[in-house]
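Two complexes, one shared chain (subunit A), two partners (subunit B, subunit C).
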Partner chain A sequence: MPLIKIDGQELEVEAGSRLLDVALEAGIEVPHYCYHPALSVVGSCRLCMVEVEGMPKLQTACSTPIGEAPPDRKVDGKYDMVVHTDTDKVVAGQKLVLEFLLLNHPLDCPVCDQAGECGLQDYSFKFGNAHSRFDEDKRVRAAEELGSGVAINQNRCIMCTRCVRFTQEITGTNELYVHGRGYDTKIAIFDGLPLDNPLSGNVADICPVGALLLKDYMHTTRVWHLSHTESACVECSSGCSITVDATDNVVRRIVSRRNDQANGHFICDFGRYSFHKYERSEFKEPMRKTPGSGWEMIPWRQAYQLIADKVAAGGGPGAVKALASPTLPNEPNYILGQFMGRLSDRKNIALLPVTQLSDMEFPGGFRISGDKGGNSRGARDVIPALAASVKALHKTDTGVIIILDGDGRAEMKGDLTRLMAAAQFSVVVACMPSEVTQNADLVLPIAAPYAREGTFTNDQGLVQWLQPALHPPDDVRADWQVVAELGQQLTGEDHLYSYAGDVTWKITQTTVGYGQITRFRLGKLGQFTASAAG
Partner chain B sequence: MATVVRTYEPGYWDKFYLPAIARGLLLTLVRMFRRKDTIPYPDIKYVPADGYRGLHRLNKDEDGRIKCVACEMCQTACPAHCIDIVPEPAPWDDGGEERHPAKFEIDLLKCIFCGFCELACPKDAIELTEIYDYASFSRDDLIIDREGLLKVYDITSMGNIYERQNRGESIQIDTGNL
Partner chain C sequence: MSFKLKPDRARKYKALLKQYPDKRSLALPLLHMAQEQEGFLSGDTIKGVAELLDIAPGLMMETVTFYSMFYLKPRGKYLLQVCQTLSCSLAGADQMVDHVAAKYNLKVGETSADGRFTLVKVECLGSCGTAPVVQINDDYYEKMVGDKIDRVLDKLS
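Right after this comes the complex of A and B.
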């Protein structure tokens, strides 16, 4: 293994590793634009230049591999490479490169949405000049639309080509290319082929400057006002790590968060824009369907009493059926499974059917799961006595049916329609209106996805913690709490949980494969269940 | 450090109080023939010095459009958190700025008139004017919105409003409508 020295720090690294990777990992800041760990190296921005002893010119750290030197050529008799990132030569080089990159940059930070998280701002401040010697007129170009979700401001672009490499290597769709030469170079799309692939939003994330912008987020808030919540996406079973950015209790945007166990660096556009679905008409209070198709708001206590009455009238606790939700965290599903098991010896609980498509795979390795449940695997893991399908519940008469609808992603068809029709009274636990809630007799409101807390298990067995980014409305309760209170009403046993983590702890105590999992170990990147890890 | 405490010990003549009265009357007599320091407000308005930090205004550019681009620098700089801005894409596409405020409210009751907003503004859009007499009977009147701030620009852009009022121009500062 080559032994190298960077700024006096001795490091033993593997032969062939990139100098930039090694320096960044060692905590040495080397500015860079075109280099992105998920993409190939082009070395076009020329900013990551470092001085390597024995080499006459500055070297770009991103394209310099580390190798073993022959014994007689080792520096000081032992180092294979000695690197400096802060010499006068390097500092002068960085200043010159930044001055060049800013030649045609409009410096319109006040109207630019990237301001606050902009590579040009940060590096100009740290490594650049306070002034430019460029006296000519700046090149001015019109903004263009690249696709339905992304716009480009050509003036701000520094031609790092991260976006072009993204469409070549990660999505394999090749929509973007570098048009023209020299002064006329620009990022462009081919006529009639807009940037509309399901990962297109990522180009705005990886753009180090304000050139590529999400139209959805354009001119909404300034980034320094956002609160960043590190959570996981619940839209499909891939379970990508995300950062939910919110202000004033409203989600403003969702950006990807690197998690090599789940999604790598990127997220898909379904997940990125999913928060808009939950902005409209959340439930605020329990609602009962009244004769004449209207809905009546009732207090929680009255809602639970109503359920108790209906259970007594509809064949007792033994005739209660339940559908667990693949769109809700493990915690409510676990509690539901526990108390339903106590109500009857028969299998009285099944998984709510949600949309199943085929997986979408991209050349770069990114996968969008076709299972739109999100937590299907988790629900199967934490409910031991799950019936094979909704159809299996038809074997006996149904009194009251409890449906955890979660985000309203269930499809109202086939067995589910028949089961709801056969039931005397249907209780739906959901956060927003859906086909299922329309056919319900009683709706119990729960918090919307970004106000939810709990664990999610993706289809690979990775358990991640959902961190709430929003506060739910006053009279809306947490999903696990509603289910626990339902269980208390039906079994007469006190529920013993005071917060979501309590339930998680209980799950880890009793569920096969979850024994090693704790809230602390889950951290921000999650942890595999024992069966998935083994 | 020692502190020197001066005490007043009245002398023989001081105990008559007459010299003190005479000195006071002399001062009054001298002042009667000097220029008066008081002004008959509100018939004549006090004109603050240049750089006085009074009511805010939002400037307009040569085309009459709002200069503000809703960058929220003033809101960020404001120590009293009295500015509330909601940006939106600008309705014009003829080369003006691509962003402008949909909502720009200043709570004048919270404002401490430090002028940080003016210093932070990269577009010279927000400025503090010389206006000081905008009291009102309602709190709502003292939350000034975008249109109100532009109206302040209209009445203050032709020169110091109090100098003009003293010259006899009739300029109304209608707080309820700001």
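Right after this comes the complex of A and C.
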């Protein structure tokens, strides 16, 4: 393997590695704009220039591969390459490139959404000049809409073409292209073919400056006021890693977070904008259906008492049925499975059916799962006694039915409608109104997705920790807590959990394949279950 | 209106196809053919060419806008390209431009009202010995001093 030296640091690297990757991995900051690890290399921004001993000109680190030098050509007798990233020549080069990139840039940082997380700001601050020698008028061009979700501020663009390569290589949809030449170059769409693919929001994430903007987030907050919570997307079974950005207990935007175990660098627009679904009409308190037509808010204690009465009147605990949720974390599903197992010897629990589409795959390898449950695999893993289908629960009479509706992604049809109609009393655990809650007798409110905590298992068996970005309303409880309290009510046994991680620990102790998983090891990128890893 | 190559050009295109390992390499020849046929490259024409070559319309547009000899807007029947480089300029090219502009009431870059002439200035045509020079469509007209340009243009219908 080639031995190289970067700024005095000796590194042994794979032949063929990119110099830029190697430097970044070693913690040496080499500024770059056009280079993105998920995209092809074009070497057009000229900012990642470094000095390589023996090469007369500065080299772009992104397009310089590392190879083995012949024995007689090694530097100091042993190095295959000796690189400097901080010599006078490099520093002067960086200053020049940054001065050029800022020639026509409007420097409208006070009103720019990117300010605070901008590559131009950061690199100008670290590597650039305080002054420009450009005295002419700056080129001024109108902002344009590229698609329903993305707009471009042409003045801020530095023509790195990351976005163009994204639509060519990752989505394969080719909406964006470079229009014109030289001074007149700009990013554009072909007339009538807008940037409207399901991954389009990513171009704003990968834009290193404030040129490509999410219309949804435009002029919403200053980025330095956002709290960043590293979590996972729960909208489908792909389980992409995300960062949830919030202020004032409101989600403002969701951005992608690299996780090579789950779809790499990007997220889809369904996940990106999903938080809007949960903004409105969250439940605040338990609600029972009144004989009239409306709903009545009741305290939790009264709600549980009501359930106990209905169970007693409806054939006892043995006639209780339950539907676990593919949209809720493993923790509530696990507790549900545990106590339902204690109520009857017969199968009395099934998985709530949610929308199943076919997977959507993109040329760059990105996959949107057709299973809109999100945690279907996890629910099956932690409830071994799951019945094959809702239909199987019809075999015996149903007294009280407990439905974990979660995010309300189930459709009221077929066996589900029949089961709810057959039940004497239905308790639905949900965060927001849905077709299922409309048909419930009692609704127990739980925290909405971005206020939720626990583990999610994607369809590949990757377990990730959901980190809550929001506080739920005062009287709304955690999903695992509500299910645990239900269990206590029905079995008479105390529940032993004081926080979500307690339940997670219990899951890892008792669930096949989850033995090696710990909250600590899950970290920010998650861990595969033993069955998935093996 | 969708774009379709006329039979003689379609035959030429088919013959060319055999000469290239990759259809995409035909982008420039095909664009030139399309422009010859249609007079300029409209969005539909570019889309049609892109479809023939299995290239995204955007990418085709990238190629079209990179080169200065593709026209996105209709132009006159005759394209007057007046050399504006040193020799021609000294020999009276500027007067020629002003004269034509005044006579047909147009500015540089515009097309005359009757649709006959489009006037543009270009860099060196490489014929300094016969300055001033104007290229009208594919032909050079040399030593265009005085009212010579009028006689040339009047003959063009």
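Going forward, the second predicted complex is superposed on the first by the 534 of 534 C-alpha atoms of A that agree within 3 Å, B and C clash if a C-alpha of one lies under 4 Å from a C-alpha of the other, contacts with A are read in each partner's own complex, and residues count from 1 in each chain.
Heads up, the rule we're going with is that a residue touches a chain if its C-beta (ideal position, glycine included) is under 8 Å from a C-beta of that chain, and two chains touch if they have at least 3 such contacts.
If you're wondering where the values come from, they're calculated on a predicted model, not measured in any experiment.
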Query raised in the report: Given the superposition on subunit A, are subunit B and subunit C in a clash or a fit?
Result: fit
Query raised in the report: With the two structures laid over each other on chain A, which partner does A:M297 touch: subunit B (first), subunit C (second), both, or neither?
Result: neither
Query - Three-chain overlay, vertex subunit A: subunit B-subunit C angle, C-alpha, nearest 10 degrees - result: 90
Query raised in the report: Just subunit B (first), just subunit C (second), both, or neither: which does A:V250 touch?
Result: neither
Query raised in the report: Touch check for A:A313: first (subunit B), second (subunit C), both, or neither?
Result: neither
Query raised in the report: A:A115 contacts which: subunit B (first), subunit C (second), both, neither?
Result: first
Requested in this report: Specify the partner with more touching residues on subunit A, choosing between subunit B and subunit C.
Outcome: C
Requested in this report: Once the structures are superposed on A, label A:G192 by its partner contacts, choosing first (subunit B), second (subunit C), both or neither.
Outcome: second
Query raised in the report: Touching A:W224 in the superposition: subunit B (first), subunit C (second), both, neither?
Result: first
Report task. In the superposition described above, what is the shortest C-alpha distance between subunit B and subunit C in Å? Please give a whole number. Result -> 28
Report task. State the interface residues of subunit A toward subunit C in the complex, per the touch definition above. Result -> 168, 173-181, 188-193
Report summary line: Touching subunit A in the complex, subunit B uses residues 69-73, 76, 87-89, 97-99, 122-123
Query - subunit A contact footprint on subunit C (complex, rising order) - result: 43, 46-47, 56-59, 61-62, 65-66
Report task. Provide the residue numbers of subunit A that touch subunit B in the complex, in ascending order. Result -> 109-111, 115, 143, 218-222, 224-225
